[in-house]
Structure formats: C-alpha cells, structure tokens
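One structure below.
For clarity, chains are labelled A, B, C and D in written order, and residue numbers in each chain start from 1.
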Amino acid sequence: MSNVRTDLAVEAKEIYEEQNKGKIQGVEINEYIENDMKVIDVKITNEVGERSMGKPVGKYVTIEMPEFVQYDKDVMDDVGKTLAKVLSEIVNLEKSMTALVVGLGNWNVTPDALGPKVISRLMVTRHLKELVPDSIDENIRPVCAISPGVLGLTGIETSEIVKSLCDKIKPNLIICIDALASRKTERVNRTIQIGNTGISPGSGIGNKRMEISEKTLGVPVIAIGVPTVVHAATLANDTIDLAIDEMIKQSTQGSQFYNMLKSLDKAEKEKLINEVLYPHVGELVVTPKDVDIVIDSISKVIANGINIALQPALGIEDINKYVN
Amino acid sequence: MSNVRTDLAVEAKEIYEEQNKGKIQGVEINEYIENDMKVIDVKITNEVGERSMGKPVGKYVTIEMPEFVQYDKDVMDDVGKTLAKVLSEIVNLEKSMTALVVGLGNWNVTPDALGPKVISRLMVTRHLKELVPDSIDENIRPVCAISPGVLGLTGIETSEIVKSLCDKIKPNLIICIDALASRKTERVNRTIQIGNTGISPGSGIGNKRMEISEKTLGVPVIAIGVPTVVHAATLANDTIDLAIDEMIKQSTQGSQFYNMLKSLDKAEKEKLINEVLYPHVGELVVTPKDVDIVIDSISKVIANGINIALQPALGIEDINKYVN
Amino acid sequence: MSNVRTDLAVEAKEIYEEQNKGKIQGVEINEYIENDMKVIDVKITNEVGERSMGKPVGKYVTIEMPEFVQYDKDVMDDVGKTLAKVLSEIVNLEKSMTALVVGLGNWNVTPDALGPKVISRLMVTRHLKELVPDSIDENIRPVCAISPGVLGLTGIETSEIVKSLCDKIKPNLIICIDALASRKTERVNRTIQIGNTGISPGSGIGNKRMEISEKTLGVPVIAIGVPTVVHAATLANDTIDLAIDEMIKQSTQGSQFYNMLKSLDKAEKEKLINEVLYPHVGELVVTPKDVDIVIDSISKVIANGINIALQPALGIEDINKYVN
Amino acid sequence: MSNVRTDLAVEAKEIYEEQNKGKIQGVEINEYIENDMKVIDVKITNEVGERSMGKPVGKYVTIEMPEFVQYDKDVMDDVGKTLAKVLSEIVNLEKSMTALVVGLGNWNVTPDALGPKVISRLMVTRHLKELVPDSIDENIRPVCAISPGVLGLTGIETSEIVKSLCDKIKPNLIICIDALASRKTERVNRTIQIGNTGISPGSGIGNKRMEISEKTLGVPVIAIGVPTVVHAATLANDTIDLAIDEMIKQSTQGSQFYNMLKSLDKAEKEKLINEVLYPHVGELVVTPKDVDIVIDSISKVIANGINIALQPALGIEDINKYVN
C-alpha cells in the first residue's frame, strides 16, 4: 500500500510500482499517442486498486504536453484538441444540458491562478440562452462558470459555495479546474490530468475537507488538474532518495556501506527531513521563474479544450472567435 | 419626477432640485464634517420621496473624499475611519453574528475591479472561528467574503449566486461593494455612498435584474458604492446641457435666440444625442488615465473601513496587521 | 491653417478640409484596401502641406482595423500582415543591419502601456548574434528593444535616453511605438498610424520636448502610433460642435436662431469649454471599459507586424514560434 | 579558497568558515541591532579577503528583516528606516548632487521584478529641478531612475544601457536594485544586502558580463540586493549535504559507514547532482507561493529607504506623501 500522497494517478502508479516491484491489481493502464503527445489512461476498477493507488475507483487520463508548449501556438492548439478529445469521451451529455465549470484556486497567487484564468477564457452561454434565446443557435449548450476563490480569502469552504450554487442552478455536469502539486519537477506545467472522481480542494495541505464530487453534489464531476508546483519539501525528500539510490548503485553489493544504506529506515529518513529540512522550506514551492507566462499559456490551452468539448456543434473557428 | 437614472442619491437630489426648483418632499438631508471631509446623509422617508429620487425608502450616506487621496497615506487612513464610523452607525450586529461581504464587479476590468480588490484585502475570519476556534479571540466576529464575478463571465446572475450562498451559510448581514457610474466627472473616485436598501448589479445597463436586498435575501444588506467612471454618453449629454445653459446665460433675455434655446425640447435633445453621439461613444467610459493606481488605493481605504466597522473589539493597529 | 492639434495625419486632413472646404495643397492622398481593411497613405510633400497639416514633410500611413479585432485571431493575424506590408515598404534595410525598437509609454497605466507591451512580445535577436552567432541563422537581423519609461517615472527625457543609447549601440533604424490621443472616439483602438518623421513623446501635453527623429538621432526613425484614448475635454468640445451643427441643420436657414448659431465665435466657444468644462474633465480620458484586454490584443498585432517586417528571411510560422 | 558562488557576502563568509573552520583573514565583521533587526557589516579589506570571499574589496551590509514583514506596516516602516540609515552612511553626497537609481530585472517575471517595482515607487525629482525649478524646494536632491529591462527582452547588455545613460546625464551616484539568488531558503525575501562594489547583472547565470561599478562607470555605485529565490539545484545540493551531515552525526564515529560518508568526494557529489538532479530542476526556482504579494511589500520598503536616504532635507511624512 502506498503511503505517499500525490495528486496525480500516474505518480501514484509509479510510486506503487517502485515500492512493490510489480503490476498493480485492480488497475488497468492504456497508453497511446494523440497529436504527437502521450496519453495515459489509468482505470482503477476495484477496491484493491483503490488501496494501492490511494485514489477512488474511476478513470484518470493524463496528457503529457510537449516541452515549451507556451512558445508555439500550433502545439498549443494541438494540446487543446487532445484535451477536447479526452473530455468528449468522458462528457456524456445531450446538447441541451447545462455544464457548470468551476475554476478553483487564488487569482492573486500566480501558480494557483490557473483555474480562475481558465474561467476568464471560457465560452459562457447560459445567460444568453436565458436572456436572448432567439439570438443564439439552438445547438449551443448552456455553459456557466465560477471562480469561487480560496478558503483563506473567502472564509467559506469552496465545496460549500459549489454545493449551494449547484442546488440553485442544477447543472447536469460540473467540470473543475485546479492547480496541483506534483512530486516530480519534470511534470510541472507539463501534465494535464482529467479524472471523473471529483476533487478535494486544498487536499494537499493535510486537512480533511469536503470533496467536490458526484457523491457530494449529485451530478457527475470531471476534474482537470495541472501540476504547477512541486513543494520544496518534496523536492528535498526526493533528492535524498535519489542520492541514496545513487550511492547504493555505486557501492559494492554486500559491503557494509551498501547494507547500511539499504537499511536506512524510512522513518529515520522522514524524521531527518521533518526536523532538519522542513523548518526552512515549509511553505516554499518550486516553479519556473517565468511562471506568469507559463500559467497564462496553459490556461488558454485548457479553456480551448473545454470550449471544443462542450460545444460539439461549433467548429473550432467559431470557438476561436470567442477565446480571448 | 426625475427621469434621469443615477446610482448616487446625492445626484438624484441635485437633479431633482435643478429640475423642480425646490425642496424635495419625503427626503431629509443632513450634512456634516467628519475628519475634514463632508458627509451627506440623505434619508428617503416615504413614497413621495421614493418617486422624486427614483430610489427606495432608506438611508444613503455620501462621503466626499479629498482630492488625490491616493497620494497621502494619512488621508487614506482618515477616509477609512470616516467610512468605519458611518458603517458602524448602520451595522447593528452583535459581535457573534456573521457578516458576508460581497465584492461585485469584474477583476479583469480595472474600473470595475473595486469590489474584488476590496475582498482581497478584507480580514476574513469565519473559517478560523470554525476550524481553529481556540486560536482566535472570542471577540472577533466571523466574517466571510466572495467575489462572484459578473454575468458575462459566469453566465449566472450575481444575485442568484449571492442568494444561494446566503441560503447555505445564513449570514446575519451582507455588505456589497460595487463600482458605480456617476453623472459628474468631479465625483469619479471621490465619493463613497453607503446605503441600506441593497443594490441591483449592472442596473445601469438598462435591463431588469434581481436586486440584492433585504427583500430578496431576508437579511439586511448594506451597499457601498464608489463611482469610478462616467459614461461617455453622459458626459456628452451634460456637455450639451452646460453649453446651452451658458448660451442662454449670455444671450439677452427675451431675445429670439434666448427663447429658442429655452424651448429646445428635451425629447429633441435626447434624439440628437442618441442619433448623433451615441453610435460613437456607446460603450466608452471616462476615467482618470492612472485608474489602476487610483482603484488600488480606494480599495485599501474601503477594506480598512469595513475591517474597523466589523471588528470593534480590535484596535486599528491589530487591523492594520491584517491589511495587506 | 489648422490650429487644432492632433496626433493623427488623417485627422489633421479631415479638420483642414472641414475648416477650409477644399483640397489641401502639398498633400497627396492615396487610399486602398489591403486584407479587407482600409489603408490611407498621406504624403506631405512641401512646406504648404506642412503648415496646413501641422506636421512635417513625410509619409503617414493609416491602417483602419476592423471593429472588435481583439475577439478574432484571424483578423488579428490579418492586421499584423497589413502592418508588416506597410512597414516593409518604409523600412529599407539590408538584412545585416540592426534595428532598435523603442516602446514609449508607462507600463503601469493601461492605456499608455501599448509600447512596453509590444516590446515584451518582440523577437529580440541582437544579443544572440553577438553572444552565440553560430547558433543563429545568418539571415536573421539583429533586433534590440527598450521601454525607457516616462518622464514622470524616470526624471529623464525619453529622448535623452534614446539618444544616449543610439550613440552607444549605433542602430541603422529606429522604430518607436506610442499610444496616442485621438480627436474622435470612433478611432480609439481602431487605427494604426505609421510615419517616417519621428515622434515627440508626450507632445500632447503642451510642452516643447526634444523629438525622436532622424534629425535628432542621425538614423531613420519610424513611428507607429495607436490612439488609445480621447481626452475628455476633446470629447466635450466636439460634442458641442456636433450639437451646434445639428441645431443649425434643423433650424430654418436665414432665421435669427440659425444666424446666431452660425455666428457663435470660436473664441467664445473655447472660453466656454475652458471655463465651464475643463476644470472638471482636465485629466480625464475616454476609453473602452475593458481597455486592459484591448491593449493586450493590439500589442500582439503590432509586435507581430514588426517581427514579420524586420525578419523577411523567416516565415510567419517561425515568427509565431517566437511570439508569446 | 571558496569555490561556491553566492551573491551574498554573509553567505560567502558562512561557507568559508564552514569549509575552513576558522576566521577569515582580510575580512572585518561587525554585527549590531538597529530597530530590532540584526545588521551585519562585512568589510573586505585586502586581497586575501577578496580571494576567501570571492568578492572584491569593499563594504557589504546585510539587514535581516523580521519574518512576515509584509503583513505589518509598522515593521515595514522600521525596515525602511534601517535601510535609510545604512544607505546614509555609505551615500556621501552633497545635496545638490544627482543620484541615478537603476532597477535591474524583468517586470514580467514576479521574483525578478523587485528592481522595476522599486523604481515605480521612487520619489523622482530631476525633471522638476530642470523644468520647474522655482516650484520645488532647493534642498530637494535631483533624483532620476530607470528600469532598463533584461538582456533577453532588450538584446542589449544592461551595463551598456546604464553606461550610455551615465555618460549622457552624468550622475554623481548610482544606486542599483536587483533580485538575487540565495543559497538558503531561510534568507529568501528576508535579507537586504547593501554593497559599494557594484553589481554584475545576471552574474548567477555563469557567463562573463560587464559589471556595473565605479570601475566601469566612473561614479560610485551602491548595490541593493534582496534574495527572492533559491535555485532548485542549490536546494537539492544543500539537501544532500544536510542529509550526509545528519547521517554522519548519527553513525558511530570510526565505523566503516562513518568513514565512508566522511570520504565522499566533493567531485563525486557534484557529478551526482549534475547528472542525476540537474536535468530536472535546471531552470526551476524555489519561492514562496504568494511571491507576488511579498515582492510588492519589499519593493515599498526599499523605495522608502532610498527616498529617505536621498532626501535628508525632507521629513518622513513628506516622503510618505510621494510614495504610492
């Protein structure tokens, strides 16, 4: 069983396989290439898989974006299309049904502003369908959206806000966008995860908080997440692991040094990290220095993917006219 | 009866008095000086006053900020204190009761971002009272806050969002902050209006939309508004009025020119404006060029005033520690 | 002779023609359509033209952008290409020659931030040519760029900064980008003017300041300007003119009213404006409310046009890879 | 001799002392408390000190800011005053002499925007002294300022820009502000270094570039630096060191494990880091997540300190009126 918490199913899988040297029971994995980028489809099918992965039964699709996507408009368009394709397979919604898109995160904190930035680029139509129905094509789906803010700014659990709104406007589908933390620096701003089991806002922080999911809201919830940071404490932890692994690799098998490194207790290592490192890196995160620019680009890509998936009746040209 | 729409009670009063050359029935006015700035207290007491003012029975207090408040921290503090004093007289709330502060407007459009900017500087405490009650002084009031966004970005009426949230978290008081339009350029970013009759988001635009008020929400609603723009069409209209008045003043009384100017029909003038001017200035607004800086300062002042009024148990030094 | 100051040659021409009811001597005008948008080519050929237009002998090309260009990527691309074509005809530069692009204006004041925003999206190559010449195609032109800031923030005349830099790095061409004021609201954010006679930073403000031109710098200077505001005082002035014109049109020719309106002295009118209106609108400007979004889009269009014009060896796809 | 590169003199000293277990020759250190914060005065007095510290002969003063300075206005004021006091002792300038303040860094990249943000809050007076000398107190010093941008955006070495401007306007003193990298996470946004030996822009990147110093410019140069990031590679490196130290501490002295850890070659460790870690963290930095807010506050503090130091004739109240 994995005791390492990660927001990403592909990371949970990697960690499990590393720790257990074997295939996971109750988990089906399917990899393929779409528009030149790798898509990994992880299906957790039963309770055994749940326990191994630390995640509920459901579907988790990961898109690996090419490096430097923010510098190439064509690649940005391709990622948007791949996201749209993955979403379309999960979204199962008649064209008249309403979607509510929720942008989680804090718009004043750049690496956390992904959700609100996506919202500001969405094609929002619900009010037009209600106020000026004749002026809008009947094939256009009603879409509404909100950026509820974060607990520290609102004093209200995000899930409370979404729940109350959901009870009021009764959407048929909810899509949540959130910035995640990754365990690996190479995944930062390079991975999009799409899942159908909902989301627990701020779940990385360690407190139990009400999740946003079909179970709590009564409507299907699709979560789109992008890791935009690695916690500095995670980087420190993984660095030590890497260093120890490398020292083991370079020492003679069976030697005392080798054995000692091998026997380094996990608990001891965690104590080391918590006592020695954590006080200094507690609240720090690892990001690219030009995070403002990167988040901006990725929010365009994701808004585009959602717009295409939610409005199958429109061509991409029509949608581009809406995207700012 | 006034047929000119304005967000500000002091303007409604001026317009009425200009058009009717007399005191308004059903309206009590009281002016005084507080911290070197003029405070005007307008009370609409009955239906006659309602009709004359185009505003419901209630209390409307206007604070006139000194010019260039944004360049002087001491003056900013004084305005915050004056606002706090005015609010305290209206807020009638036991210390354990919860306040919900709502920042109306669009955070991506500078002159409309006042509400969301105030929210980001509020002292928000409700979650602390719920999650870590022992770590927080019992005299601190639970305060929560939200910036719901605007209809064009969310596809949901702002009042629907506030109503659903209000039903869920059941606050005892709601304070709304909104950027208004003034009829007079000299009031832009110089006036704060505090009223107890609620607010109609986007009411300037001309469509009927559900108001945010005690009537619709079942809890007292205080509205704080600051005019941050004049519509270009209003400026054009008032310019013509001014010009005609001036021409009348300079022409001989009783002359044909004088009589013609005097007889210029209101309807004709409006036709002139709508046909000749409106197509070119329709969506334009008049603002100071450095509106970014001004809005930033005013949002600090207002957040400060609200923080002081809602937390009477705290000294201003403690509150300043919370304000960013 | 025109005594109305405007930044735009097309406006100077219109004003002249209105006031003088005739064609201007010493000015050649050529209009055509390029990529569905109107391009007006104004050539001032001699001193008579200079006096009539209030602008030096030279070439002034105006591109009229379609409305709402910011909502349609294809139209944005088309405007960029049109700008590139106009620039290419004026830029006369061997491929090894260096261009310096100067973004005038204040990045903290949205309607004035156009220049600095263009700079942040330029394809800058001079340092690569110097530091890593082998890694860069020899057909790529060295381009450098600066946003010197404004007098109020720097305490240094912009022209001093540009002059000193020009003496040091010796470019073969300078391109300046500046936000202008228009006389007409319908031109705000709709017009691009390209001229070869340089620029006087802040010249609208009324003080004499050193211009940035071939005369002062010794290298050709191309100025690209976009009107992003109308001064509120201009709007007020023009509103009165419009109103008077309309009243004249509607009154019987030869009547006393007609004659009086006709005889309204220009000086009187200016007195009226300066005494009655100006105190209230002095520093105010007229802009679209969503000016942040509009300026952002136009800066992309202009950066794109400059990039294409300065790098003829590159295809538009290669250039798009550089544009953020 | 130290082979570890750091921007901060206090860090160079710590590293030296750690590696050499002894006091440094040619370096005088003086610590004291000012306004409740620690000030460390490092003087490198000769070539021996230069080699040990990896920094030229000169004065380096470090102010340790209290934690969370950004949440307390009073503490912010205190830091500003401490900085002013330190600066005043180094600035040796008659009141009529001109100071040029240079804000290094990229205003589009938050952790690098400190310099430009300070510039936008400075009290700039040189143009007033030149344009309206009679309207300004004769005791006010002429101050000018520039944010030249970064090489990647301008294509011009920052030092070239400063040099050309310096030749043109001939200031008597230059003050540079730059965001630095620290080796230690606990120093990020907590330390201000003031030095009199100039600055090498982007020197952390590893390439030789012209410095901004009295030697290259011919006028005294004071550098003010604040570490706003730790490179992720540095964090990884130091983490391994910490881990090894801790393992050594916990293993029996003289045991084989102990000896092996002791004998871990520095070169081996660097190889490990460069090959195993660096590919993944190369361009990443470690920052607080709310870096936008923190940088904003620190820029106010530094602008305030500079304003007080450069205008001894003004009281702090007058200066506060200028600070936005």
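We adopt the following convention: a residue touches a chain if its C-beta (ideal position, glycine included) is under 8 Å from a C-beta of that chain, and two chains touch if they have at least 3 such contacts.
None of these values were measured; they are calculated from a predicted model.
Under the contact definition stated at the top, the chains bordering both chain B and chain D are A, C. Shared contact partners of chain A and chain C, listed by label: B, D. Averaging Cα atoms per chain gives one point for each, and the point farthest from that of chain B is the centre of D. A separation of 37 Å divides the Cα centre of chain A from that of chain D.
Per-chain CA centroids place chain A at a distance of 40 Å from chain B. Across the assembly, chain D contributes residues 108, 293 that each touch 2 or more other chains.
Contacts from chain C toward chain D in the complex involve residues 107-108, 119-120, 124-128, 131, 142-149, 151-157, 160-161, 163-165, 167-169, 207. Of all residues in chain D, only 108-112, 184-186, 188, 229-230, 232, 235-236, 239-240, 242-243, 246-247, 250-251, 256-257, 260, 264, 268, 272, 276-277, 280-281, 283-293 touch chain A in the complex they form.
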